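We call the chains A, B, C and D, going by the order they appear; numbering starts again at 1 in every chain.
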Amino acid sequence: MKRIGVLTSGGDAPGMNACIRAVVRAGLAHGIETVGIRRGYTGLLKCDTEFLTSRSVGGIARWGGTVLETARCPEFRTADGQRKGVDNIRDLGLDGLIVIGGDGSLRGALALHQAGVPCVGVPASIDNDICGTETSIGVDTAMNTILDAIDKIKDTASAHRRAFVIEVMGRRSGYLAVATGVAGGAEMVIVPERPQSTDDIIREMLQASERGKPHFIIIVAEGATPRASEICDTLATARPGFEARLTVLGHVQRGGSPSAADRLLATKLGAGAVEALIGGRSGVMIGIQAGQPVSFPLEQVLSEERPAEEELLRLEEMIAL
Amino acid sequence: MKRIGVLTSGGDAPGMNACIRAVVRAGLAHGIETVGIRRGYTGLLKCDTEFLTSRSVGGIARWGGTVLETARCPEFRTADGQRKGVDNIRDLGLDGLIVIGGDGSLRGALALHQAGVPCVGVPASIDNDICGTETSIGVDTAMNTILDAIDKIKDTASAHRRAFVIEVMGRRSGYLAVATGVAGGAEMVIVPERPQSTDDIIREMLQASERGKPHFIIIVAEGATPRASEICDTLATARPGFEARLTVLGHVQRGGSPSAADRLLATKLGAGAVEALIGGRSGVMIGIQAGQPVSFPLEQVLSEERPAEEELLRLEEMIAL
Amino acid sequence: MKRIGVLTSGGDAPGMNACIRAVVRAGLAHGIETVGIRRGYTGLLKCDTEFLTSRSVGGIARWGGTVLETARCPEFRTADGQRKGVDNIRDLGLDGLIVIGGDGSLRGALALHQAGVPCVGVPASIDNDICGTETSIGVDTAMNTILDAIDKIKDTASAHRRAFVIEVMGRRSGYLAVATGVAGGAEMVIVPERPQSTDDIIREMLQASERGKPHFIIIVAEGATPRASEICDTLATARPGFEARLTVLGHVQRGGSPSAADRLLATKLGAGAVEALIGGRSGVMIGIQAGQPVSFPLEQVLSEERPAEEELLRLEEMIAL
Amino acid sequence: MKRIGVLTSGGDAPGMNACIRAVVRAGLAHGIETVGIRRGYTGLLKCDTEFLTSRSVGGIARWGGTVLETARCPEFRTADGQRKGVDNIRDLGLDGLIVIGGDGSLRGALALHQAGVPCVGVPASIDNDICGTETSIGVDTAMNTILDAIDKIKDTASAHRRAFVIEVMGRRSGYLAVATGVAGGAEMVIVPERPQSTDDIIREMLQASERGKPHFIIIVAEGATPRASEICDTLATARPGFEARLTVLGHVQRGGSPSAADRLLATKLGAGAVEALIGGRSGVMIGIQAGQPVSFPLEQVLSEERPAEEELLRLEEMIAL
């Protein structure tokens, strides 16, 4: 193994750069050079690449986003696109490929593996919706970003006695909503895995008010039912004179300097992916379990649904008391 | 002068607590005790108060919000309400009152002054919409909060080549929008003082794209025309395949640990207000000019409109190049 | 089980308050009331306590430090002191006790357990030096604080081409040093578990300079050999015209608003400790393994030495390339 | 005026990059191209330059440090060195030069002006020790960095009842120490302008303890008498059983993403410097007064000593009560 490729794909997550740095430097430590492929599978199909040296990845671990950029690539979902990808990997002289990204990106990695390219995936997704790993690159930073917003709103919430509705990321997964709800002491959390009626929400609000809660903060995942804006409208009309304010964090959650935990995780997984390739593994994702990198078949990662965080939801209800 | 009162009123602003601390401790340094009035004019009408000691304000300067809370008080806008307020101030044995807040709060202070109560105002409003002072308590912290969001979005913006629309506070004043637009390097700023057409916005976006700008970030004050959500919808339809993402910061902007500049400002103004009362001044606001506290008649503060930030808007256009 | 006590002891760690909140509210969810014991074992010997209600712990999870304060208590290390503690626990009507702290604090918990008091420990120590748990309350926040300092120094380091020596906490354990060294991209890490000569350090510095590294940052645990200040002096004399600058973070590392991960961890462990007591367990510590609270005998926790982070040290050398 | 040069020199300050961006883009808005000179006067003597385009300064405003780097250049202090600098400026075809830095850097700018090169200075120094301007680039960010450290120490300080000594930058100027002492609520501030005896410090500490202060935090400028480490040793021996802990922030204070205020200031001053050159001014520094850029003769800037902050010192004593 002389030369490997690395690409980032899908929604970007803080820590992707730290992972790229780890791939390059772990590679060098094992005498392997690394080619960065720009803009995910789009760049693979265009052979849009650059050599990554120890110096060229120096200092990037601090930055959010990804120096290799990401893009969506519908073409790569086709058999033709994948064949072209395999050809380009051969033309570039790559003995293996590391794919950093979420479910969709890992699906591409599995296709390349099945086509005979040694390929290892690394989970990066702020939503924490990937199976086979305790957590993914970007989750910790996103949680801290959301928590910072909740803390700031609490300053003003207790000054005003209003309801605040905060929309956070999570199309299919309520992890960010419930984890930050517990950490931030939200009064209520609405997640995609557990739809609620607006009546339930109003009742909870009135009960919290009766229990003497000085504020009412609801964290709503973007994929939840009802949606954040809908909840906001409902609450505002539920109690005369009561105000409900909406915060939509949006892509703020995808950015920011990665936290220590995310940089550590990204370094462990990036180095683990290089060593997996060297060890002859392919078609696997390197995840984290109890602080150690472990490998998990991509096929299994992609066929299972990550279960809802029942224990966290239970904690959230306890803590919101 | 033996005893003064202090209250915070209107939308809360980070630094109000640092101002309360300064009032109490500057008072003590001059042998004056301070009574905190809770929930603004509402508390004044209910004589809802507490003695503030050096210890009871120890450590509060770090916190956002206000330990005295704020509230709206429609009753205090009536002549009856104001008469009751004057009576309560006499009953509480207050020789003067310091009012920390925005335009509406200062209007109440002027009414009390006109009714014979020695009364000094301190400008606190994240919108920076108060005349007679370079800046108000809370503006600097709010700017840093917005800037942090812009910086985070830029991480992901340059990774994705999308448009991002960020709604910030400012009903009448575009200061926060334009100041953070300059500081954060936004491509466009929409302020209440300068309505724009959606056609202008689309043209700007296309031109920026032609100039090679890797992203297009628009900061929109909540009082601007068109509104942020409207712009977002427009941009999304303007260019096929192009995505426009919305961030609404909302009350996040009102919270947070006050910045060094806000705590310094709040301390100067709070101490200045106490010393103004001691010096026999009333019906004035203590503002900041060139780093020094200055007093300015409340009547003038409330009759003038703060002009639009033409020079900042010019800078913003230059810098967005 | 009707009433339990909770105390924080030893060096304080961010997240202790979130753990107190979790104990109180998990207790209430199970019909148990909680008595807070102030200033650790000192307060236990003086019966210095307060009832903690859902409201009295509202909002505390955001703050660093501990609302119950901590203190050292040499008297409690004696048999007489412990006997008095047991008596007071009976007098206070406590059916169990939760002790949040580091090694020394857990030793006290074990003594109480051995004297017949149902007692459960929760690991809180920014040093990450406690066995039987992947991590302890406070570690994640401290890592982020250190990382923030490293990032800031890198801004100026690359502008100036100097050596920077940063002393971080860790008397016996190099975890904080090596983990932040990996995350922050330090060129070298000196930990108590692996003493080094100043010659080695100078040689590393010269080699890094030859490899084209624009800066040389060394993270030194406070218990390491040689000490940070010594290294700084050595480097400054090793190369004429070369400057070495020292940063000593000190107790800054113990403070700060706890990170999302620390608040989540503290909540899981606090609730887990309550449920362990309810389940009849005593003499155990509730630690975290793979994201789940697990119980581990205190005797074992206190008899084993946490091994050095060999794998992290290996990663650090790879990444520092 | 077709082409100008820009360089950063001396200790770097957060906001230098925002100033470079402003110079380049304000230049372009007036049809002027900008050449960046690397590593201050060192680069000028070696003609080490690069063209700066709107794109090449895109996104740099967020970063601490300076993309042009800085260096000390003893050679430029000689007549020969300055002559060579003038020659190189002519060879590079520069119609003017903008120098961003502190006192020493501005002295170089004055020399170039006196040798006939149109030259304008911009004050950048975290120490806030430059005359002719209310504040300098970098001061606000450094204050926030120090304040963050004070806030964190206060978390643990109130938990432990100890003394904390924090050394901050400021060789000749106590501005950072006193401003952050006021903002952060330190009990005592030691500045170069006002030497104190260790006896005074011990007396203050004992008095604060008697007044019920839960902690004792001293901010010490690095140029003050006595020095921070000396104070720490003294306090530790003054009261048996009492602990004094030292924090040395060091170069952490020079780094970090510049605050909103610093980026705004840097933008105003950078654009103001370009427009001053266009307007035919030279030998001036562009400072800030009441929010507006003003020009001030360099000769005067460099011949006056910035007075001690008597008013801030008075406030600090009041607030530390």
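As a working rule, contacts are C-beta pairs under 8 Å (C-beta built on N, C-alpha and C of every residue); 3 or more make two chains touch, one makes a residue touch a chain.
The model shown is predicted, which means the values in this text are computed figures rather than measured ones.
Put simply, the chain farthest from subunit A by mean CA position is D. Spacing of subunit B relative to subunit D, judged by their CA centroids, is 27 angstrom.
Inter-chain centre distance (subunit A to subunit B, centres taken as mean C-alpha positions): 35 Å.
Centroids of subunit B and subunit C (each the mean of its C-alpha atoms) stand 39 Å apart. Residues of subunit D found to touch two or more other chains are 151, 154, 158. Working note: touching chain pairs come out as A-B, A-C, B-D, C-D. Taken together, the subunit A residues at the contact with subunit B in this complex read 12, 14, 63-66, 69-71, 145, 149, 151-160, 164, 245-256.
Residue ranges on subunit C touching subunit A, taken from their complex, read 18, 21-22, 25-26, 28-29, 54-55, 58-59, 61-62, 134, 140, 143-144, 146-147, 151, 154, 158, 179-180, 182-185, 211-214, 257, 259-261, 263-264, 267-268, 271, 289-292, 311, 315, 318-319, 321.
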